[in-house]
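Have a look at the structure below before the remarks.
Each chain gets a letter, A, B and C, in the order it is written, and its residues are counted from 1.
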């Protein structure tokens, strides 16, 4: 897709030098053959330093677009970006890709479906009802239990176990909303990367990134019915107990433990070796590692225990 | 099924005029060829105004049955209604229906299963492992990702996206319980209607109505692992974030936003443009639209923030 | 597998009398042809009374091993047990078993997969995408909706209904962790037993036991998106509402009701006819039956209501 076509979609008169646009990306990560956008004035600093080839921007923020980028000035940048995202979405299955490759010693149920372009490692076990999408890659010795779904373009490492009815790479929950309360889908053109030696329970959902990757690092253990939203990063050896919910762009250090039904708000970091007790709700970044927290709003675990004692006294 | 047969099932001596009974329904919605029931004296007003052809009632409430209805007097009306519901349940798959119809341009995986009577619109994408039940209708341009299950008699609109491993139209959680603690299933003979332009995440469950329809109106966005119980109505453009749980007969106005892990108790209404913060628990109807609430029990969002500050002071 | 081979795996010099080891088990339940382990000094009493043929133990607890058992002394008993558990894990599917048996009158979709050794009762309905594992047994008249997964070695009773996308017998969330923060899987070699007349909703997950059985007793009703961890016991006629989470080894008496999004911590008992309100969090055993509780931490329901009123006053 060429920049002049994009300008035309955006109803912008375009006279500069067009280039072939590879995709959309964040201000920070976009390269000169990608387009970015500014949805919020608080990202002005990222705007000034962006390497994006072109940036969708409103009249107000136009002044901050660096000389090296072309400004695409629109009224509602986020809404327009949502509309454009569709043009960069790959097909759901790509039949022009080569037949799936299957490594030596792997057993694939004839009731599983491997899309064209899928690559399965050696000695894998892929049971009935499993779906592996186009260009997804599964490492060696990995077990996919019945009805596991891996969307296209994802990676699952070696020595992983994914239990029945779990979904890897489903679309992140992304959309722009206009003043009329209408929503426009932001196509989630990133992927999910599950590293080696990860075990994931049943009916867990791990969303693909809007740009880039949602990552579950090696050695992690994820229980049943866990939600991991787009662009989360789960550190090595982390443990997510059942029904935990991580909002978008949560970043967990190594060996973080999240108790059952705990949760995070989005766009925060949790230091390594942190433990969140069951039902703890993390709303701010945790900078000092190795501590235990509880409650919602979150407090130090001991303080929370004292608070509960005080509340009990209140009743008497 | 004829009323005299039903009377016989209920062990009632029946001498009046029998008629062909089409089904069971609520006191409010039942027509003269349907049967209703009174499980609770608080519904006496509905009873007096009911248009039901016959009403299952106990000795105590018999006096309120309108002249136009036949009273079927039993000891435990709710329990008996549960027993009868089975007789009105359609078969799980109806092979006597015509072969599934598939609109022009639709791609159906040969590993999907369309039951007889299913109707698929134009330009749909139906991936491996999908199940579409008898008489269910899918609109145009709709995408059903792998292993989506649509039970029989449901409708999904046009331009919808339903992600992997989600279930539409599973039975609502309904049963009668006797004094011995035994449960009898209330067959859920209603359906689910998903209107146009709705996107639903993975491993979400939307229960079919016991009578009538569970409805998700157009433009709504539903995330992963959300529970929508029987007979809920979700207003246009509403947004339900991951792990939200709506109890039976919750009615959301347009553009209601429910944050992650939030919930409602049953049989309540939420005004349009209401926002419930993550983990908010709605136990009463919200009548004034456009406000933001948080906490459990639910309070105004600002008040909740102040309360949290006070609680933090308590600790010191 | 012989004890001397196990000693060799554990790097223990072994000169005693070897025997054929049938499996691993808890100190309480192990028989003389099984091995057990002590992971924690608080189980010393169980250790002294154990009938296990051999016990994996550290230097400190070695003295409590009864005369009838052989002590296998290692540095990290729990970690070593995890490593051994793999040797006792059966294959995922056992093709050496006889073809699946199907009772008279049962309808099995040709898109379902019955593994060798599966046994289906009479008049069952098994829809597309269902998986029934090796040696799993399904009773008469039971309905498995699309994409239900039953792992190997499980039992589902007669007259049960299991809704779409639910998983029975997935691995419990068990692993040992070393000082480096690495995790080693504890193979979950137990099973799940669902007794008669149980209905289970969609996308619910019931984990197989690590040793022995996770049990759902007859007449229970389980809603959508419920998590039941390994080794739980659910009493007759119990009711688990949507999004409830039971941690490992929770034991519910008969007719316990758990409201929506409620939860238990592990290793506790709840007396018969207890009701836990929605979102209640049970952290200690409940010994007196028939009462209603709410909140987290859990309190008597009335006290909780008063507490909420006091908290509301706090704000003013």
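Some observations on this one:
In the analysis below, a residue touches a chain if its C-beta (ideal position, glycine included) is under 8 Å from a C-beta of that chain, and two chains touch if they have at least 3 such contacts.
Since this is a predicted model, take the numbers as computed values, not measurements.
Relative orientation of chain A and chain B, expressed as the C-alpha superposition rotation angle, is 120° to the nearest 5.
Annotation: the chain A:chain C pair of sequence copies touches via predominantly different residues, less than half of the used numbers being shared. Inter-chain centre distance (chain A to chain C, centres taken as mean C-alpha positions): 32 Å.
Residue positions 111, 129, 147, 165, 203, 225, 243, 261, 311 of chain B each touch two or more of the other chains.
Residues of chain B that touch chain A in their complex: 109, 111, 125, 127-129, 143, 145-147, 161, 163-165, 199, 201-203, 219, 221, 223-225, 236-237, 239, 241-243, 254-255, 260-261, 273, 278-279, 308, 311-312, 314-315. Interface residues of chain C, counted against chain A in their complex, comprise 92-93, 111, 113, 129, 131, 147, 149, 151, 165-167, 170-171, 173, 175, 181-183, 185, 203-205, 207, 225, 227, 229, 243, 245, 247, 261, 263, 265, 281, 296-297, 299, 303, 306-307, 310-311.
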